[in-house]
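Next up: some structures, all given as structure tokens.
The following pair of complexes shares a single chain, subunit A, combined with subunit B in the former and subunit C in the latter.
Up next is the complex of A and B:
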């Protein structure tokens, strides 16, 4: 109560994730001379693109009171499919199509298991996580898939009109997701899936179809993220996407999307992804080991939600 | 209004509707007529078949037998789409609104106006159209506001707007005032009046007889799945109506048996204030008495109950239970024998998906199993004892509480605290959403509690209940107690006089 009234009006309306992002940038800017350079900032943006591609559909999935734990493992599997096929056939189009199809298959499996068979999302996607991870190890025998054409690498390192390609891809993905969520019937029904499923049924909308659609979108975006990941590593690793679902869920939570009642905010997810990206980058500059980085992301989630909690109704 | 003389033509008619569920005849040859510009109220005890009839009307259930006539022509209603075709819309008790969508998107959920590309929604037109619908019912609000920011009454207005935007000519309202304050209720009634003038037919389900008489053009009474009668309000009295509903002649009100003389002071509150908006509350409750806490909705009654129970922080004053000062935590107050039976039993008092048995023993687990080790046999035995004592109508201890009727759910909440050996009970609106027959039974239960030496503080919005059940009552206004009425001063007029007096 006292915190709320003491907080200036304007500041009180700034979401927790924005405050966290500003504080992080300020602190790293003060501590490390290399942080606030154009090169490093461009770095942060480019490095955040893969996470954004996963966090966007994750926002929609969480808004339906669902969860997709498999998204990192599906990314890995799609990346391996991409690498294996492009090496075998030399056809980029075929390889990308196969990677996207792999993502869509897992998305379809998640959606059908959750909506038709009624298995809880947490359990379903934990299962498909295991399957995708296992298939990745099986196909590669635990080894990296190397020897993909140079041209793929340029998708990650290339520029168009001076702007890095991954940023353009991520911006396009954000725009598409924004339109999908806020300007289409499908997006409207996503709010309803989490907010009041009964209302959808009464309106004569297929709840199952919509749910399957949401998870399909997750699979599709994991496929595109796999393209960026493969291009970035110039190879495919059977463990490349391990833990990415954690970062994606954290970014969504930091961004202020609630796990209940269809209360989601896409721009918040963008800020959340940046906050996670800044945090990882800053800690890298300070040579903090990656295990400690994971812990710090956990702390970030709690801090951002704590700031939001200060303002919400008691 | 349509009592004699000019009767508007029949808009829709259900004839000889029967519907059976395994083991239950939910509807048995029920006929029901809906006329344009008329409020037809549907009354009956819980389980009388009102909801089933409405679900048949809106296509959620398929009737086993019977026919439908729209403007005199026989039609079929097989699903909700059919019902909508004939202009039938239901304002559900549990709202069908999506909290984080705005008003306009809620109104047009599932019927979005298409934009320039497939899948796109024409935002501007949807909001303009919504504004038009809202204006038509006289609800002045920005259609861009998200629904979760609205109060219950405003959400109901949005529901009504949603129905009307679907060209509804028949609005079914199921207990629409259950969660409304008096002022909001008045607004709703004004709107119903406006809808009638526009030729909309309204089917109104309510437990509140005062409302029924205020609104109805005709009243149909259901009992045990059969239609008992259709009567005109001018030709009947509340007592007659209740007699029709329960099938026997009873007092509308509950006849209070003599009470033992009040004993020792159980609860003593002095100068209680809390950040939730109450100040300088002084009250006492003695063993063997039921004390009312009355006042308008929002006058601070629930806040007083929560502060006494330790659910909210207090800022001043003291609370003594059995002479000992309590510290203001729910653990402390429950361990000393206090129980709060909250207003909203579904979200605050019960684990709906769990069994009756699990629920009734929940609060008493510590006393039942002091060692901390659970013994299922003993638990079921204890649960059965409570179920028998309170005469909870359930097929078995294992039945999920959510499947019981409102009255029986309330008994489960009470049973829970009985098992915890509570000696002081606070009831917050114990009869909300409970039908007449079950009400009397809840009051008998309260009576039994005080006969056994317990003390009860009862909050109720229905003054008549306070008058008939309580030994004394306090009346609240704007967070303060503004008067205490002894047994012989306890009348509806006195309560209302104190509650609204400025």
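Up next is the complex of A and C:
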């Protein structure tokens, strides 16, 4: 965990995801005249904010050798709670607290099932994915929730000092996660949890508490992402967040965080989020259907994991 | 030296055989408990709903159980090796759509069947290669493949629906023989093949050995990689077969045909007593698991409970089933 061992790792990784990003940008810049315009680039940045909010906690979760497949469905459920409550009561503060609470509840459930009951993370979150999806359908009866006050929309479209609000929110989230991971004891333990769980236990640290904390963080960020999503769509839809967890996992994998050894790199995740954002935006400009975009991101993940596998060869 | 190696091999096989026979008796008890649970469920449903015991509904339950079993049977082998195949539903979707368009274009049922099973098998093989040669953890490899297939299917279909297939093909899903739906015969056939393979062949025993302890299996001479490729390929092939039965039953194919099929298939395997941690479980157990899950979902339909409850209930069932297997694993250690 010392600087000396971290530096070569960092240098070895910079090329991978950064080159992917540069290649994608160059190709789309050459192929489409609309790609390299200031408006479009601002667009990519703003559109990537929701994904970043999910990918940040996903990085921490994957570093603990875990996975959260439920995060997209939890985002959807929180977004529906937000919309329903703001329409019913008119109180934004109440609605946001309820959405965050919904996210935290799922985070707590994931954390407890994984750490206390010992159920593997991917199957736990596959189960809670089903539960969150079912709840979303039940609350809305499969319909969109519309009629949200205009003021919420301005959270996505508004600006502060010329900078779009979503970017400020995402930058704040990045800063908080960075401090949490690199400058607190909690973060140090996360590195240790993926790399050497036994050592942590012997040192008397509560691994259960740590895991619950990491998944709670995931639920909380899903709640904030739900705020941006609702503001962006100006409505809540029971299938709005379907597959978002896949983009988030893709961004983390492309960003060079390893699935098996607790090796994480937060800045890589940021670049990975941008790579996924650029890929989607570029394919959109070329009028490639969103179904083919999903397939191409799937291919991107397999390639990234393949390279990850090659790196781990002794 | 050759003799030595052979001795070791035979000894390993004997060990595996003894262990599996011991496991078999406890498996039989587990199957008995689960059958009791299924009977209890039937009794409850019969008392709550007048429709439950009608001929139509019983045939419906049998047909649904058969379909769920076929999806889950190959998956059982994968889970026995402590792996997971999340691409089952997406595999079914692509296989069904390709098979449908081939049948529509050529009018030939046999070409359609070959396409569906061929597509499923190829996807399974790809999964196997990703897991073994590229050493990607199975749940993440098949998760990536799942999204690629989903994307491909929607792209290929472009929102279109293909319907109307040859009558001979439709028999596979909606036909009857001696008053029993055709899928039930397919189910019995594959139950026999699956049980024979898992319990009575060396390859089957090796699958158990890999799940129980991959390192020990490798050291005792089990070709771990080729057996793993085999189980993922079988899981893909069974998904291809299931896609044909769905296609023949509903007589139309759309991009979303495989949606919400993976979780029930995993649930059937886990409720059937196969451990997510590998090495224990039976194909017969999966049949009972498929029956229990079908009864639950059928009962919810009959009692007119909102269909939105189904993913929620399935999710809870998966979690409870894994929790129980975690508990028994801990107490066994």
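We take it that the second predicted complex is superposed on the first by the 287 of 314 C-alpha atoms of A that agree within 3 Å, B and C clash if a C-alpha of one lies under 4 Å from a C-alpha of the other, contacts with A are read in each partner's own complex, and residues count from 1 in each chain.
Just so it is clear, a residue touches a chain if its C-beta (ideal position, glycine included) is under 8 Å from a C-beta of that chain, and two chains touch if they have at least 3 such contacts.
These numbers come from a predicted model, not from an experiment.
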* Putting subunit B and subunit C onto subunit A via the overlay, clash or fit? -> clash
* Mind working out whether A:277 is in touch with subunit B, subunit C, both or neither, as first, second, both or neither? => neither
* Between subunit B (first) and subunit C (second), which, if any, makes contact with A:183: first, second, both or neither? -> first
* **Which of subunit B and subunit C A:128 touches, first, second, both or neither** => second
* Of the partners subunit B and subunit C, which touch A:191 in the superposed model: first, second, both, neither? -> first
* subunit B versus subunit C as contact partner of A:199, first or second or both or neither -> first
* Asked: Who does A:291 touch here: subunit B (first), subunit C (second), both, or neither?
  -> second
* Which partner reaches more residues of subunit A, subunit B or subunit C? -> C
* Superposition clash, subunit C versus subunit B, among 4-12, 40-48 or 58-66 -> 4-12
* To do: Note which residues of subunit A are touching subunit B in the complex, please.
  => 1, 179, 183-186, 188, 191-192, 194-196, 198-200, 202-205, 261-264
* To do: Report the residues of subunit B in contact with subunit A in the complex, numbered from low to high.
  => 80-81, 94-101, 105-106, 109-112, 115, 119-121, 123, 148, 275
* Mind listing the subunit C positions that touch subunit A in their complex? => 84, 86, 130, 134-137, 139-141, 143-155, 158, 255, 263, 266, 276, 306, 308-316, 318-319, 322-323, 326, 330
* Structure fact -> Residue set of subunit A touching subunit C in the complex reads 67, 69, 113, 117-120, 122-124, 126-131, 133-135, 137-138, 141-142, 243, 246, 249, 259-260, 289, 291-299, 301-302, 305-306, 309, 312
